[in-house]
Each structure stands twice: as C-alpha cells, then as structure tokens.
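Chains: A, B, C and D, in written order; residue numbering restarts at 1 for each.
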Amino acid sequence: MDIWFFLIQVLNGIQYGLLLFLVASGLTLIFGIMGIINLAHGSFYMLGAYLTFWLLQSVDSLLLAIVLALPISAVVGYLIEALLVRVLYRRDHLDQVLLTYGLILIFNEAQRMLWGGDIHGVKVPAALNWSIPLTDSLSYPVYRIAISAVCAALAVGMYFVIQRTRFGMWIRAGASNRDMVAALGINVKLLFGAVFALGAVLAALSGAIAAPISSIGPGMGDTVLIICFVVVVIGGVGSIKGAFLGALLIGLADTFGKVLAPDFASFSVYAVMAVVLLLKPRGLFA
Amino acid sequence: MNSMTSAVLDESKVVLETRQLTKSFGGLVAVNSANYRFIERQAHAIIGPNGAGKSTFVNLLTGHFPPSSGEILFKGQRITGFPAHKVSRLGVGRSYQKTNVFPVFTCFENCRLAAQAQLPTSMRFLRPAAMYKEVNERADWALELCGLTSRRDRIAGSMSYGEQRQLEIGMVLATGPEILVLDEPLAGMGKEESERMVGLLKDLARRFTLILIEHDMDAVFSIAEVLTVMVNGTVLESGSVEAIRASKAVQDAYLGDGAEAY
Amino acid sequence: MSRLPRSLSILLSAVIVLLAAYPFFGDVLFPNKHAFLMQKLTGIMIMAVMAMSLDLLVGVAGLVSMGHAAFFGLGGYMLAMLSPEYSAANLWVVLPAALVVVAIASAMVGYLSIRTSGIYFIMVTLAFGQMGFYFFNDSKVAGGSDGAYIMFKPAVEILGVSLLNLGDKRTLYYVGLGALVGVYLLLRLLLASPFGRVVSAIGVNENRVRGLGFDPVAYKLLAFTIGGTIAGLAGFLAAIQYGFVNPATLSWHHSGEALVMVILGGMGTLFGPAIGAFVFELAKMGFESVTEHWLLPMGMMIIGIVLLLPKGVGGLLLQLFSGRSKMEGGQ
Amino acid sequence: MTRISRRSVLQAGAAFAAAGLVPTRFAIGQTAKVRVGLMLPYSGTYAALGEAITSGLKMAVNARGGKLGGREVEYILLDDESNPGKGPENASKLIAGDKVDFLVGTVHSGVAMGMAKVATDTGAMLIIPNAGVGAATGPLCAPNIFRTSFSNWQPAYPMGKVAWDRGMKNVVTISWKYGAGEEQLGGFEEGFTQLGGKIVKRIMLPFPNEEFQANLTEIASLKPDGVFAFFAGSGALKFVKDYAAAGLKSIPLMGTGFLTDGVLAGQGAAAEGVLTTLHYADALDTPENKKFRAEFKAFSGKEADVYAVQGYDSGQLLAIGMDAVKGDTAAGSRAALIAAMAAAEIRSPRGAFTLSKAHNPVQDIYLRQVKNGQEIVLGVAHKALADPAKGCKSA
C-alpha cells in the first residue's frame, strides 16, 4: 500500500468515524444527562433511514425528506420517553436494559409490518452524485465528503452548545452529577423529554443522511447499536468529546483492520476497546 | 492515663498514628496535615462543626480514601494506601454515619457475615456458613454485646432505626477489631435510643480502643477520655475532656455555637 | 437469600417430580406432540440452567452482564471443536476440557469487566460478548458464520461400557433435568457457604462488604467465573442436543433473552429464573403459533414485566407463600 | 384474473374426477390431508424470499386444484428466523411434532444444513427451495433430500469462462466470509483459473459487514481487469452502489445473479453494465416464463423473482412425486415416490431441467447484463450444467 492509498484509507476511516460519532453522541447524551442506557438507540437510526426512504416516495428532495423525518423522530422519541422510559428513572440499569430491549423487538416488528422485509436504497441527490478523481482508478464520492462535513459541523455545533449555553451547562452538570440537575431547579421532566427526543433525532439524522450510502433493511439498527456502545465505552460514558475521539478511533481501527487483517476486522474493534479499558477502566474521558 | 500530653506518651501504646495526613478534593483541602496518635484502650473523640473534615478523616483512617499525602501507621507499621478491606483485617473496624446494614439479611446473618472476617478467607464454597461454629459463636457474642440477642432472627430492614444503628456496631464488633472507628453512632436517634446507645458505647470504651466522631456533646463528654477539635480540616486543639471544656479557643470557635444549637 | 418457605419447596419439588415423570405420561397427554414437547422441554431445562447461572451474577452479586451468552456459546463451540469429525468424542475428556476453557475465558473477561461498575459493566460485558461472537463469526475456527455440526454425540463410557446414550431423546431429557436440579442444588449450597454469603452481601452493598474486611473484587471475579462456567455447561449440553453450534448462540440477543428470563422469573431467587426460562420459551412458542408478527407481543410482554412485575414470578411466589407460612406459624 | 380462476376450477374438477378412480385402499389416506411443512424465513432479512417461495409453491399446488396426488394439502408454516441455531430444533418440530409428509425449506444455508441433517436422521422427505450450500447435494446427499434451486458453485462457475473470453487476465474476487461466499468465489475461480486466468486477490469480509469503502480503495490500488463479487440482499445493494461511487466503473463488475436480483431498483444507475450469471432471469423471453410471471403477479400481487420460481418448481416436484404414488405417503410407497421425483423433468419458467444423481438441478445458466436499468439476457453461459456433487456417495 503506497502512501497515497494509505491517506485515502485514513480518509475512509475518518468518514466512517464521523458518522459513528453522530449516532453515538445521542447515546452518550441520553446517558450523561438521564442516566438511561438506551438499547433502542439503534432503532432510531433505523427509523431515520426508513422515514427518509418513505418520505422520498412523496417528495423529491432528499434534504426535504430528512427535514421532515426529524420532527417525526423527535415526536416518537418524546412519546417513548413520556410513556415508558419515565417510569425507569427510579429503577436500576437492569430494568432500563430490558425495557429498551423489548422496544427493539417492537420497533423491528413494526418496521416489518409498515415497510415489509424488502431491502431498499435511496438515491444520492443529483447535485452530490459525482466523484472526485483521486487516482486513475479511484475517485472519492462527493456525497461521503458531504456527510463528513455535516457530521463535523454538528460536532462543532454540539461543542459550542455544550460549552457556551445554559442547556449545555445542564448537560455538563448532569454528566458529572445527576442529582445536581434537579437541585439547579430545572424542570427535569421537560429536560429529560427534550434530551431523549434530541438523542432520537441525532440517531435518526445519522440514519437519514447515511441512507443514500447504505441499504435500508430489517435489523439495520442492531449492528449500529453495538458499535456505538463500543464507541461510548471507549470515550467514557456521557462524554461528547470522548464519543468523538472514540468514534474516530473505531473508524480507523475498522478501516485498517479490514485491509490489514481481514480475518479479524470486527474483532480488532473490540480489541481496541479491551486495551483502552485495561488502561482506563472508565474510558478515555469519563 | 487520664491526662494526655505528647511528652509523657508511652510509644508502645500508640496503636494508630497519622503523620501530616492530607486529603484534598480538587482545590478543596478536606484534611490538612493531621497528626494524631491514638492510644491503646483509650476512648478518643473527634468533634467539630459540619464540614470540618471528620468524615474524610475517618475514610482516610480506614482506607476508604487514599490520602493525597502523609502517612498512617498501625502499631508502627506503615499502612498508607492500604485498601479498606485490608485495614479492616488488621483490626480497624468502622461503622458508618448512614445506616449500612444488609436489610434483607436477619440480624444474626448480618453479624455472621461480619464474623466471617475472622476466617483466614471466605473463599469456602460447599460447607454452609451456618456450620462454622466459631463464626456463629462470634456473631452471637457480637449480638449480645450490642444488645440485640432478642432480635437475633429479625430481618434487619424491619427493625427500628435505633436497633439498626446498634446492629451496625454489632457488625463491626463481629469482625474482631482492636480499634473501633465509629462515625456518628448517635446520628438521627431519639432520646431513649440515644441513652441506650451511650450505655453501649461506654461499655465498649472499656474493652476497645475507641475513635468516636460525634456531634452530641453531652454524649462525647460522658464517653471520651481524650478530645480533639477539628475545624476546617485542621486540629484546633487536643487534650483531656476537662482541658477542652476549659479551652477558650475551642469555646469561641465551636462549643459556643454548638451550645446555642441545643 | 434465606431458606424457601416450606410450602414453596414442596410445590417446586412437585414440579420436578412432574417433569421427571413427563416422558411416561406425555405420550398419553399429547399423543401428537409428545416427542417434540420432550425435546422442547429438554431445551428449556438447559436454558433454565443458563438463566440460573446468570442469576448468580445479576440477582445475587449485582453484576448485570449483557454478555453471558458468550460463555454459553463458547461451551458449545468447545464441544464442536473437540469432537472428531467422524467419531464420537469421549465425554470424560471433552466436558472437563470445555469447562476449563470457559472458566479461563470468563475469568479473563471478568478480570477486565469487574474493574468497572454499573452502566459500564453492562456495556463492557455486552461488548466482550460481541467480541466472542465476532471471534467465531469472522474466523475460520469451527465454520465461521455458518456454524459447525457435531455429527456424533459424545460417548459416555467407563472402561468401554456405555453408560448413557446421549443420542436417545429420553436420556438427553433426563440429562437436562439432572443438570437443572444439580445446578440448582449446587448454587444453593454455594450461596449458603461463607463465599456465597459474601457474594450476596456484595450484591446489596459492596462498599460495606469491603469495610467488613472482604475484597469484593476477588469475590465478584470468582462469582463471574463460576456463573460463566455454568453457562458454558448449559451451552455444552445445548450443543449435544442440537448437534450444531453457530455464532448466534454467543450474540447479545441471546444474552438479552437470558436476562429477560432472570427478570421474568424473579432475580436473586435462583428457582425464579428457572421458572422464567419456562415461561419465556413457552410464551414464545405460543406467540409464534398465533401470529407471524410474534416479536410484537414478545416485546410488549417484556415491557409489561419490567413495568408491572419487577420482582418476577419468583418474587410473586415468595410473597404468596411466605405470607401463608407466616399465617400457618401464627395459628 | 378471471381466466386463471376458470382454469383452476377446470383443473380442480379434473383432479376430483381422478380422485374417484383411485383404488379404495387409499380412501383413508385421501381423507387425511397431505401435510407440507414450510420452514422458511418469515421475519428478518430474508422474509421477502420466504414469502416469494411460499407463494410460488402454493401457486403450483393451486394450479393442480389445490391437491397433491389427489389429496387436499395442509400447509404448516414455521418461521425459521434464518437462525441456524434453531434449525435442527425447528425441523424436528415439524417432522416429529406436526408430522409433516414433506418438509420444504429453506433460504439460509446454515439452517438448511440443520434441516438436511435432521432429514438424514429421520428419513423425512426434504425439498430445498433455495439454500445453495454445496454439502446438501454433496457429502450430505441422501435419497430423501432434493433441491430445486442451485448449488453455490453452479451459477458462479460459468462466469469464469465469460471473464476469460472477454479478455480478462487478472481478477479480484470479493465476498463475505461464509460458506456461500467461499463456494461461489470457488466456483468462479475454478472456471477462470483453469483457462489460465489469475486471481490477484481474494477479499473476504466478515459477514454481514456492509462498510466496503476500505476494500474498494484496496481494489483500486490493485487495478485488476475485472472484479467478481458475491453478495446478496442489502449487501449486494450497497456494494454495487459503493463500487460505482468509488469510481471503479471502469473495471467490469461481475457476479452471480444475486448481486442484482431484487435490489436492481435500489441500485439504480450504479448497476449499469454489471454482468451476472444465474439459472434464471426475470427477462427470460420464453412463453413459459411470461405465462408464469403473469400468473404469479395475479396470484400474489408481486412481481415474480428467482425465489418464486424455485418455490413454484418445488411445488411441481411435489406434484410429480405425489401423482406417481397417487397420494400414498406411507412407507411402502417411499421408494416409488423418490424414484419418480428423481426422474422428474420439470417444466420450469427457467427452462426445463432434470435432477442429477445427487438431486440437484441440471440446468442452463444464463448470462445477463444490466442495461438502461433493466436486466437483459445475453444468452446461455453454460448449457445443462450439473454440479460436480463432490463428496456425494450416491452420485
């Protein structure tokens, strides 16, 4: 592998990592503030992708479909928080795991009943459907670059929200000491509902923008979920910064694992996690 | 042995000692260069206003927190940084400010678990714990000492608050300690319960080295032989009960305010 | 956990007697489905062993593991890998070997996981479980993602005399029942021992246990290893039963199902999770026969249990029977 | 629609008349329905395939008045969840529990292996309507095991010659690392290398990983003359799209039909020019195929695909066997049943085919290409191709 291809692989790894970050950020946010471990997070990713696919049958623009999919996801997220998750705040993590596990089953079946078992694809919007030639045989799809740009912009945006706004202050307070949030006189119910909805939106957005470069089918949320757990664990549960670095680390480990040790590509990701935990049992930024 | 000054101290009787013991949390120094000597079979009380660093000090002594700097010596042996379970095994038993019994176990089971600490190890798998004679005897002895023999088979969580506080101390006794570190054993108790507890503590003071953290001044004065006043993480004054009572500095800084509160 | 109420012990014993007698009367009761039901029950009893082993971690020691299936799967894979292709393996060799390997694996995973707690522990065990899944899914050992067949059931012989024919469905049924009862009694014995008392106490209040002079890490690690090894035994038996192993047996979905069984049955009660295994599998069978969208009622059932029955069936039974036994005592 | 129903009424009448002629000793057997167990994926990734196979099979039976050998048919459907761990258990459930006369299934090779194993143990009649795992008509072959679809080797092997004839010398092969992937790549590599072609690199990805970008970059750096890929379902959809987006379109992409079948619409322009080989093509221009497709559309409301064809042919195979023994599924007629099925010539929408000694179709493999978003048939890549049935003792 010459240096040129090495650099392209780095680019591949970062692009994958940025997308992972977008999904994982919602997961870590929900945990950081609410102390809820949400296994159904991957289902929101799936929801975003399916909604985009579904809306594209009525509207022409991918952007419009995504914009429409987000409020729907937010409402679904908010309702689940208000109807089910809310009961769990006083329960232990075990109950949260089980309830959200039950939710996964329901989501998967609902997906099947609504959209069937077929596999769908979404077209890359024409404006972005071209590639930048890098070598004589390889070009880089512009849409992937666009995704990376969106993810990076959202990462920067999130950084500012968390560091500079009142909402961000609550998030930081919640991540370090959950009881403090209540003590600050915040309407906890509303905050939690909003955070859960936000988490759902982040996952759905990831699923939506990834739709044109992924295949939309049953069970697509599960794989994403597990890899996000790894990202969150590596970064430190509740830490957005950690999720960011964890995602990049996993993106690169996965990319190079596939090329250098294809027999252990998925395994290498978990090996990275094990090493991090050995050195820092609570992740890089807990 | 009633009066204590460092000059006439018999070194061989020092069972626990701290040297320049310091603990800070971030920028906050909770315990600042504390030098203590605890003498065998003496009842030593540490008093001070809330936030004086008493509980942190207890957590340092018993290995629940590692100190930021300084040393802890047990019978001359350095035990700084030992984990809590090791400190406990050496013979430093502690009770907790918040009731910390196992609510689902019976009173006896609570003490029996504690008494298992007498075994070289509890990595024993097939013989039921109920069949270890010496453990059971130790547990019953502890129950009797803390006055709960009549409650032996009650589920701990169903007992009164005062009884749970007694059990808390019974469990410490069952571990077979030489030194008892009791963190506010009277906290939250009613008058009658307090009286019973004070009686128990007086009894214990005759048998063990006692390190008592307490707010209740009357109780402290009736139990302790030596008093240390702690303010803002540092020792304000240390001496016999009479000396502390007479100390102007202590009265200004602490007792005066405290007296008003009663 | 203290002694079971007498009446509950009697009830549970009666259920075991019924299970033991099932191969003799099942034919009369379900003439068409008997053979199938016997196999199903064998599978459920093996899952009950798995659920009880998880209860040791979750219900007793307070270690919520989402990767328990990895040890179950590993147990099965050990049988597949140690079995010769065209002849039967010797049970006296493969079983101990499999259990040792599972024990080592669970000790290693436990060593890394136990350094964390709470939500971290859940996520870390989940990730380690998936690591096991990918290990078998991606590499070529034992068939990769296709799984591997065990063409011949292990031989149980002493000096060349066959003691048990594991290929016989009824024999296997009793092996499953034996494992269920045996593991239950073993775990009860374990919980009554000094070790078990410390582990139970850790589940309630780890810090206090430390204060009493026990190193929780050592006890948790050992409990994790014992639980993992028993799960390995269950996986080993399941592999004998189905004659097949594949990576899905290690996956987190399988771990999730085992957790549901534990909660459904009532965590920390040991007998509860075993009941949970029965209720879960039979409910699934029922849902599957009613609708092809069986995941929907399944998911709702799980959510319903979490919301309405947090102490599970076992907790309900305990409440019911301890209430009654108190009344009996009062008379 | 009306035409079809009239036709089926006529056929039902004929079957009824035929039933009256059979000897009375079958009377009891006739009143009992033939129990056909369909163990297929009705949930998960392969659910659509399970549905198509089911519809195809039922359509074939309905075309015979809803009867097999004069007996009414009862279907017992079981969702195999594509979970190989439950394969043997589920198969036993149908055989021992539901007492099915025929077991039909399934899509997933791992599950099919479990079913084949149970069929070998119990002697139950098994028809595999899709799973291409080589062992089922190889080492595990048995008189009572039939397959109406293909072996993994079968559709891939002819592509080797196609590639060579098109002047390719160096080819990269890529697939998921699992049995089907290994067998399909093996088929192509055998066909290609025996003519002198060279496999530059074989890339095996963990199943079912769908993040291909890193490997596409690798392919670009290898600059082969062509790429042979085996993916199915969502992986196929995504691979073809990513392949095009990575600018690799200058390197011809080949595969078996699974690379485009069922996902062509989702792939869109990215699939343009992709060459595939398969034992069927939707666009096959024969009267049989056109008629089948129209009838299937009317019957199920969906477009027919290769899975529907395989299901349909499974139904036909059942019918041929059952007709031969006049509906008698008792042990005494077993040999006659097997003989009739083994000798069957099935008039399939894919073209007529027979069965090899290992009970796998001996069939034409078509070369197809995507042009203007449509799969068109370029011709027959290999006429009457039989699987070598390596390891099968009865072949």
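FYI, a residue touches a chain if its C-beta (ideal position, glycine included) is under 8 Å from a C-beta of that chain, and two chains touch if they have at least 3 such contacts.
Remember, it's a predicted structure, so these values are computed and weren't measured experimentally.
Undergrad: Hey, which pair has more contacts between C-betas, B-C or A-D?
TA: By the number of C-beta pairs in contact, the winner is A-D.
Undergrad: From the mean C-alpha coordinate of chain B to that of chain C, what's the distance rounded to whole Å?
TA: Inter-chain centre distance comes to 43 Å.
Undergrad: Per the centroid of Cα atoms for each chain, what is the distance between chain A and chain D, given in Å?
TA: Each chain reduced to its C-alpha mean, chain A and chain D end up 37 Å apart.
Undergrad: Quick one: report the Å distance separating chain A from chain B, using the average Cα coordinate of each chain.
TA: Computed from C-alpha means, the inter-chain centre distance equals 50 Å.
Undergrad: For chain A and chain C, let me know how many angstrom lie between their CA-based centres, rounded off.
TA: 33
Undergrad: Which residues belonging to chain B are in contact with no fewer than two other chains?
TA: As it turns out, chain B has no residue touching two or more other chains.
Undergrad: What residues in chain C touch two or more of the other chains?
TA: Residues 134, 137-138, 140, 295 of chain C touch two or more partner chains.
Undergrad: If I count partner chains per residue in chain D, which residues reach a count of at least 2?
TA: Each of 43, 177, 206, 208 in chain D touches at least two other chains.
Undergrad: If two chains touch, include that pair; go through all of them.
TA: A-C, A-D, B-C, C-D
Undergrad: Across the complex, what residues on chain A touch chain D?
TA: 1-2, 5, 8-9, 12-13, 15-16, 109, 112, 116-124, 131, 133-135, 137-141, 143-144, 213-220, 223, 254-256, 258-259, 262-263, 265-266
Undergrad: Looking at the complex, which residues from chain C come into contact with chain A?
TA: 58, 64, 66, 112, 115-116, 118-120, 122-124, 126-128, 130-131, 134-135, 137-140, 252, 256, 259-260, 263, 267, 293, 295-296, 298-303, 305-307, 310
Undergrad: In their complex, what parts of chain B are in touch with chain C?
TA: Per the stated touch rule, the residues are 62, 64, 83-86, 88-89, 94, 96, 100-106, 109, 112-114, 116-117, 119, 122-130, 132, 135, 171, 175.
Undergrad: Quick check on the complex: what are the chain D residues that touch chain A?
TA: Those in contact with chain A are residues 43-48, 51, 177, 203-206, 208-211, 213-218, 220-221, 223, 233-235, 237-238, 241-242, 245-248, 250-251, 262-263, 265-268.
Undergrad: Considering only the defined contacts, which chain C positions touch chain D in the complex?
TA: It comes out as residues 32-33, 35-37, 39-40, 43, 134, 137-138, 140, 143-147, 149, 242-246, 248-249, 288, 292, 294-295.
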